[in-house]
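Presented sequentially are two complexes of chain A, the first with chain B as partner and the second with chain C.
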Partner chain A sequence: MNRLVYGLLLLISLILPPVANLMESVMIIHMHMQMPMLVIIGMIMARFFQERYPRFFEKWNENGFPGIVLFIIIVSYWMMPRTMDEALTSQSVEIFKFISLPFLAGIPLMDSWKKLSSIGKNSVIIFFTVAFIGIGYLYINAPNPLCNNYLVIDQIILGWGFLITAIGLIIYLLYDFFIDPSAYEEVAEEE
Partner chain B sequence: METVIPQAGKAKTVFKEKANKVLGVNLQDALITKAYMSVAFIALFLGGILGLLQGLNRAGLLELPSWLNYYQVLTAHGLLLVVVLSAFFMIGYYYAGLSHTLGGLLPKVRKIAWIGFWLKIFGFVLVLIPLLLNEASVMYTFYPPMAAHPVFYFGLVFIVLGVWALSIGAFIQVANWRKNNKGKHLPILAFFATGSFVLLVGATAFVAVEVLFMIIPWTLGWTDGINVLLARTLFWAFGHTAVNIWYLTAVSVWYCIIPKIIGGYRWNDFLTRMVVIPLVIMNITGGFHHQIIDPGITPEIKFMHVFMSLAIGFPSLMTAYAMFRTFERTGRAKGGKGAFGWFKKLPWGDVRFLSPFIAMAAFAPAGAGGIVQSTNQLDGVVHNTLWIVGHFHLTLGMSVVMTFFGVSYWLIPYISKRVLTPQMNKLGIVQTIIWTIAMIMMSGAQHTVGLLGAPRRTSYTTYGEFSSTLGWDPYLTMLGIGATLLTIGVIIQVYAVFNMMFFAPKGETEFPVAEEEENAPKTPYWTERWGLWVVLTVIVVGMAYVIPIVDMIVNAPPGSPPFKTW
Partner chain C sequence: MIKNKNNVISIAIVLLFGCVLFFIGTDGFTAYTAETARVNKLIEDKPKFPDVTLEDSSGRKYPISELEDKYVLITFMYTSCTTVCLQLEHNMGQVYDLLPSKYRGKEIVFLSISFDPERDTPARLNSYKDYFNSDGETWRMARISNQSELDSLLKKFGVIVIPDGNGNFAHNSAFYLVDKKGKLEDVLDYTKVDEAASKIVNILDEEVGE
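Here is the complex of A and B:
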């Protein structure tokens, strides 16, 4: 219950017009801060729903695959320039953003992540790494504004933000590939 | 004086102490630390003397000769004390700690440590040559468009290479220990060392980019102009972090060493590690608060970064709490009664405690001053005044350096297989008192006269006998008196170090790492996931820097040619 309350409080604080306006005024903060925060809010609330509706998650997200697909679809949708624009110009799309990211991306991610095998997890990370590089390249090199609401410089900054995040993910993947945790830690010690 | 403090503790503690006594210090490892300590304290001596020259100049008592101008002295003073003393001390101390807590350095790590040492010395000689020829009086921040001789920057590159070698050595040592001690927590001192070396690599990466890709091609004439704002930003990502690494080193002493010296135990291992981890993740981005008055960075970004800077304050508050809790517990265990009775029971006559304690106490006003400077409006009043100089003489000159001094009274005897005598302890107490009074005088004067508007980085001038600025003179005189007393402190400290290294009575000294309290709660194992902390650091740094840096590059001005302003 607590988690639901905390999550909703955080969600409301992000929806408050001054907060939302400030975050949406900078393109990269809109996409790389506000949107991930909405997903994280969903992850915070997830346990409440998992405990309240265990059968639902068991039935529909048994191996974590449907959940992660839903997460990928929602997140990919919000990475499109057009959708960001619409969120700023159309009230209903803005509302959809505040609902879809926590409830259709955050909660399924939390429920699916532990159910996925390490190959599944790494595939998701690889997918986003490749997507981030592609989108980053697009945003950096696009000569025209892809969003009506933002300047070209905002777009270039966002492109570099994508590339840097991709570099972070690549470092993680290399670390995961080359370092064998069992050489350093006992599995029994895991928290 | 016997430096091993007798204490009734767990059987494990006693056994460990015995083992240490039998094994003592590894002589080959001790030699590495000795070399680093020698360089550190020679740098203290030279830097201190140069500080005296500056202080006397600012007080209007000494006119520097034409062949040794104020800015040359200022550059050398900054580099010797901020770069050489701090970095060499930190590395010597941590390598001694790694050797002690991880069962001796590996032969290849020892080799790497020596390679790093000579790379740094070579780099430093390269830095020194143009400096002595007055070709590099660019101050220790070497802000473009002031340009020094290219050799100065080549020297910096070698210093960075040395730092990287030492960091790699430390990582190899830690990884090897973890392979042989699966599932165990890294000993706390080695944990601090890992955090510090991770930060050191992260910080120097920025300055390496600045020097290698921007400044060197520009001073060699390969490029016409330099992006000043970008260079300053890269510098402060390094500079701010470097200062915080020295601070983290001092914090490691407070958490790991001081409890043992006062005869107590370490409190809450989990909290300690949770101080290190956020300090590593959030540190580099704090660099922006040094640029609050730089044009070309939007107020929103500055606001965001002030938030990041203040976030670093939180672990410091946890440290303050943890320290006083340890003091109170230990004082009460020794029979201290009443609300403050425990305070009297602390070993005030022991320089190994007194000096770091005053260092900690100094961090309260120093931290408060830091918060003032990272606030946009307040910084507008004090930026580029002597206030800032006063601030970093409190943080580095007291909080960090006095902790280092306190460490020297057991670390130097430990690596030299000698002991701290009561006479030397007394001398240390005298040194601590002199240093404290002198630094309060000097830094107090600098803070005050800075508020009145006296600029920093400026040789003595009366501004044409202008009445308002003549009012600064009493403070500047006090600054000069403080600097003179500090020089006495420096001489005593350097004497003490080399006396303990070569002339003190032979014997065994303990490396005082405190044990955890009894019934301490178990620390979660995820604190050991350094790979994850590094990835988080990269992403936090990337996110924090991407907006301003892309803006600075894409909307760059034509760039500035090199200037020699001296």
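Here is the complex of A and C:
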């Protein structure tokens, strides 16, 4: 119950017009801070819904696959240049953003992630790495503004934000591939 | 087995939802940026050119209705622009050169409208037009001094102008073709000069042939 209250409080504080306007005034904060925060709010609230409706998640998201697909769809949708513009100009799109990211991306992600095998998890991370490199490249090299509400320089900054995030993901994947944490744990036990 | 069936059903629902979401969000997979969506909508709506008073590079003041009975190819720019406007006007010049001279001035007028009326005085427009070999007659450069008239035009034609605080503006660019009755006929990609020119020639050929 607490988690629901905290989540909703956070959500409301992000929806407050001064907060929302401030975050949306800078393109990279809009996409790389506000949107992930909305997803995180969903993840915070997820436990409440899992405990409240355990059968629903058990029944419809048994292997975690439907949930992660829903997460990918919602997040991909919000990575389109157009949806960012429309969130600023259209009230209904803005409302959809505040609902879809926590409830249709954050909650399914939290529920699905633990159910996925490590291959499944890494596939998702690889998917986003490739997507981020592609989108980052697009935003940096697009000669025209892709978004009508932001300056080209904002767009280039956002592109670099995507590339740097992708680099972070690649480092994680390399770490995951080459380093076996249990090897270190055993050494610690022997000592 | 039953559980697996549920998974398949929920994946199907999720994928269906995704398709519907993207279909609606991109106007049926046609517009991935707001700019494309804007242009598509403009071409569909065909807004009428609002009643504005132009002040051109020779200092003449006249209502836009003076250009009625001619096609007008319009760009929106400002002379202090150092980036896209130069390209835009340069390309406008190329389209101008590609059109048969019999049409220029008679069937079609080129018009570059400044959205920075404070700085773009007739004198400044006059020297700017020389850079692009515009004759000030069949290709005019003009400002709209009345801010509310300017705003209504920009709004109607979906031109978004954002001041960047350093005296520059970010803005979207295109060729706007307005027909003889003052209605927006088409919005052309300003980077595709040949395509734009051949489209215009086709329209004018048809018009004259009638």
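Note that in this section the second predicted complex is superposed on the first by the 185 of 191 C-alpha atoms of A that agree within 3 Å, B and C clash if a C-alpha of one lies under 4 Å from a C-alpha of the other, contacts with A are read in each partner's own complex, and residues count from 1 in each chain.
By our rule, a residue touches a chain if its C-beta (ideal position, glycine included) is under 8 Å from a C-beta of that chain, and two chains touch if they have at least 3 such contacts.
Note that the coordinates shown come from a computational prediction; the quantities given were computed from them, not determined experimentally.
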| Fit or clash - chain C, chain B, common chain A | fit
| task | Check whether A:M80 is in contact with chain B, with chain C, with both or with neither, and answer first, second, both or neither. | result | second
| message | Quick one: is A:I99 in contact with chain B, with chain C, with both, or with neither? Answer first, second, both or neither. | response | neither
| query | Now for A:I12: first (chain B), second (chain C), both, or neither, which partner does it touch? | reply | neither
| remark: Apex chain A angle, CA centroids, chain B to chain C, rounded to a multiple of 10 degrees, is 110
| When the two structures are overlaid on chain A, which partner does A:I126 contact: first (chain B), second (chain C), both, or neither? | neither
| Smallest separation of CA atoms, chain C relative to chain B, angstrom | 12
| For chain A, which residues count as touching chain B in their complex? | 25-26, 28-29, 32-33, 153, 156-157, 160-161, 164-165, 167-168, 171-172, 175, 179, 182-186, 188-191
| Once bound in the complex, which stretches of chain B touch chain A? | 175, 178-179, 182-183, 300, 524-526, 528, 531-532, 534-535, 538-539, 542-543, 546-547, 549-551, 554-555
| query | Which of the residues in chain A end up touching chain C in this complex? | reply | 59-63, 65-66, 69-70, 73, 77, 80-83, 85-86, 89, 144-152
| query | Across the complex, what residues on chain C touch chain A? | reply | 3-4, 6-7, 9-11, 13-15, 17-18, 21-22, 25-26, 31-38, 84, 160, 162, 164, 170, 172-173
